[in-house]
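Two complexes, one shared chain (chain A), two partners (chain B, chain C).
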Partner chain A sequence: MLIVGELINSTRKAISQAMEQKDKAYLQELARRQVEAGAHILDINAATSSNEIENIQWLADIVQEVVDVPICIDSPSAEAVAAGLARCQRPGMVNSISAEQERWEQMLPLIQKYGAKVVALCMQDGGMPETVDDRLEVAEKLVSGLTRAGVAADDIYLDPLIKPLGVDHNFGLQALETTRLLREKYPQVHVISGLSNISFGLPERRVINRAFLVMSVAMGMDAFILDPLDQAMMSLLAASRALAGQDEYCMDYITAVRAGLVKA
Partner chain B sequence: MLIVGELINSTRKAISQAMEQKDKAYLQELARRQVEAGAHILDINAATSSNEIENIQWLADIVQEVVDVPICIDSPSAEAVAAGLARCQRPGMVNSISAEQERWEQMLPLIQKYGAKVVALCMQDGGMPETVDDRLEVAEKLVSGLTRAGVAADDIYLDPLIKPLGVDHNFGLQALETTRLLREKYPQVHVISGLSNISFGLPERRVINRAFLVMSVAMGMDAFILDPLDQAMMSLLAASRALAGQDEYCMDYITAVRAGLVKA
Partner chain C sequence: MSLFQEMSEAVISGSAKKVKELSEQALAQGNDPQNIINDGLIPGMNIVGARFKANEIYVPEVLISARAMHAGLNVVKPLLSAADTTNKGTVVVGTVKGDLHDIGKNLVCMMLEGAGYKVIDIGIDVAPEQFVKAVEENKPQIVGLSALLTTTMINMRNTIDLLKSYPVKVMVGGAPVTEKYAQEIGAHAYAADAASAVDRANELVAS
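Our next item is the complex of A and B:
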């Protein structure tokens, strides 16, 4: 199970402000707290700023001053991803590649050069996938293309591109079924997702996000981009791993309870 | 989705005391609150008391004074079940029958006489089932026996008898797989479970119970015996139904949020 901490993201107003004001202490504290809460990798995103290149490098530098985990360079811009990866002190992660031709051609060499893990969106030219089969078709292009290019299956994190439940009440089932089929077809490859799209437009979104997390674990999703400071979420994640048979003797669960990380 | 409120149970000390002291106000308040929180049926259990027959009838009477939902007579004693059913003002539920010969022979006529719904434990003479296949074998005896006896499939609630995750870390998967297969094999029959066995012996049990609830909904479980006053649980249940495609336009979820029943 891989937890990517999502909080240092410039689409969040507090982060965008802290970045503009070079509020290093605030951002470093957020990095530290996410790792303490269980994040294995920290996502950093400066994509909304006018000087993204400079900011992503600054974020990479200050985050790595205070935590030892890898960082995930989150940007649609290959230039920003290249700039961020160049500052990684240990192999990082790229968020994200897709099967869109331009993005593929720009991102792939960077992933190869830096030996990075990669979030691979199940999207190709022509727009968002509609059906489960659309996603499986794009996933096949991504997995075969990436492995042919020398990326280890274990470094690939397929993102099935989850659509909001509020738009169509079958989108939850669609996401879960896609996850199950991807893990069945590519047992060596991971399936990852953010937890905000599913609840977009609905009230009390965190409740939907948490339930979706639990169901996703049951279907084989093994990586999440989430807010590790949401203790109810992290508690349910520990319980979900145990229920899915991924936690021998429930030792990780019990250890997390003792550390105060799991609470009812 | 059927929610059976579990709180009026004499194995809980507060209830046992309230029963001995004939604390009608306390018990009626608990009945009212469970229904307000979303229970469709209220379980009543007087099985730990020395005068079970008298107490189950008293409970049935006072509960039905204040709520309009059916009651579920919860006892291993056919005599107590008969006494409770005799007081039901509308068709009730029996918790429970099993494929054990003596229990089967004593409970079946009562279910037939009163047209009651029934919790059917996947257990037969010889003890607790071990494997998924054991449970499926007993389920087949129960479903075929009950339907031959004139019980409607829609009135049957199979309980797969879930064992504690703390005993074996595969018991979560076993419970989920059993649920999935039972619903696949008997789409007209329901699958029900209490939510306490799974977490027995583990810390922060409610976290395990809540995650198990969410996963169970994904596998097709459609009835739960639970504490409806656990708002985190009920919130996750509403979200789970929506994610499982059981809530068109998410209207039930949104309505529950507006009623203050769902909170992050």
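Our next item is the complex of A and C:
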């Protein structure tokens, strides 16, 4: 199970402010707390700032001053991803590549050059995938293309492209079914998602997010981009892993309880 | 309660069957098709829009109401004569070039339609030249540009630059777009969400 801490993201108001004011202490504290809470990788995103390149490098530098985990460079811009990866002290992660031709051609060389892990969105030119089959078709392009380019299966994190349940009541099932089939078809590749798209347009979004987390673990999702400071979420994740047979003797669960990380 | 009030209520509660029946009844009583739309269906959707904006109702409920409104439109629209199709205005809406995201754009289209606008949805990944073509063909009062990515937002600017010589107002929106950015690129309005898109459109046609 891989947990990517999502909090240092410029689309969040507090973060874009901290970035503008160069509030290093606040951001470093947030980095430290996420790792303490169980994040294995920290996502950093400066995409909404006007000087993204400079900011992503600054974020990479200050985060790595205080934590030892890899960082995940989160941007649709290849230029920003290149700038961020160049500052990584250990192999990082790219969020994200897709099968859209331009993005593919720009991101792939960076992933190869830096030996980065990669989030691969099941999306290609011509529009969003509509059906489960559309997603599987794009996933096949991504996995075969990345593997051919020398990216290890273990470094690939397929994102099934989750759409909001509030827009169509079948979108939850679609995401779960895609996850199950991806897991079955590519046992060596990881399946990842964020937890907020699913609940767009619905009230009490965290309830939906948590239920989705539990159900997607059951379907074989093994990586999440989430807020590790959400203790209810982290508790459910530990319990879900144990229930899905991924936690021998339930020792991770028990250890997390003892550490105060898992609570009812 | 008058028939039109009842129709509005049925739109609000999302009862497609009832809206269809009431629309048929209204026609049978000799009501003008355009009045049925303007005084029965649209007032209902306006209330839905206001409640959505106030977070009293949620996306699925708006979708159910929109479906109910369409059940009425399907009955009434075929009877509109060409001269009858006066509406609040025409809006061309699309997601800009390089961007394939459609959910936000679709919500905006739905809300605008519910508010009485004629909406021309020209889809995703729309090049600036295609926006121009749609403007020439449809002569809208407003063009709505959507973008979800920081890398595609720039194409809003390119589109606006090309549209400058046309008598059309441009409204922009999407997750990374801000009021400040909208001003920088010369947009006439910024809509933070689907419900405010209607308010901004109303302001633009009034100005």
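The rule we apply is simple: the second predicted complex is superposed on the first by the 264 of 264 C-alpha atoms of A that agree within 3 Å, B and C clash if a C-alpha of one lies under 4 Å from a C-alpha of the other, contacts with A are read in each partner's own complex, and residues count from 1 in each chain.
Keep this in mind: a contact is a pair of C-beta atoms (placed from the backbone, for glycine too) under 8 Å apart; a residue touches a chain by one contact, two chains touch by 3 or more.
Quick caveat: nothing in here was measured; it's all calculated off a predicted structure.
**Student:** Could you tell me if A:240 is touching chain B, chain C, both of them or neither one (first, second, both, neither)?
**Tutor:** first
**Student:** Does chain B (first) or chain C (second) touch A:90, or do both, or does neither?
**Tutor:** After superposing on A, A:90 lies clear of both chain B and chain C.
**Student:** Examine A:169 and indicate which partner it touches, taking first as chain B and second as chain C; both and neither are also allowed.
**Tutor:** Touch partners of A:169: chain B and chain C.
**Student:** Look at A:202 in the shared chain and tell me whether it touches chain B only, chain C only, both, or neither; answer first, second, both or neither.
**Tutor:** In the superposition, A:202 touches chain B and chain C alike.
**Student:** Name the contact category of A:48: first (chain B only), second (chain C only), both, or neither.
**Tutor:** A:48: touches chain C, not chain B.
**Student:** On the A-aligned overlay, A:148 touches which partner chain: chain B = first, chain C = second, or both, or neither?
**Tutor:** In the superposition, A:148 touches no partner, neither chain B nor chain C.
**Student:** Taking the superposition as given, does A:253 touch the first partner, chain B, the second, chain C, both, or neither?
**Tutor:** first
**Student:** According to the contact criterion defined above, which of chain B and chain C contacts more residues of chain A?
**Tutor:** Ranking chain B and chain C by residues of chain A touched puts B first.
**Student:** Is A:11 in contact with chain B, with chain C, with both, or with neither (first, second, both, neither)?
**Tutor:** second
**Student:** Once the two structures are fitted together, what part of chain A is touched by chain B and by chain C alike?
**Tutor:** 166, 169, 202-203
**Student:** Across the complex, what residues on chain A touch chain C?
**Tutor:** Touching chain C from chain A are residues 11, 47-48, 52, 75-77, 100, 102, 123, 125-128, 163-164, 166-167, 169, 200-203.
**Student:** Could you pull out which chain C residues touch chain A in their complex?
**Tutor:** Within the complex, chain C touches chain A at residues 55, 58-60, 63, 98, 100-103, 106-107, 124-125, 149-152, 175-176, 178.
**Student:** Along chain B, where are the residues that touch chain A in the complex?
**Tutor:** 165-166, 169-170, 172-173, 176, 198, 202-208, 210-212, 214-215, 217-219, 232, 235-236, 238-240, 242-245, 247-250, 253-254, 257-258, 262-264
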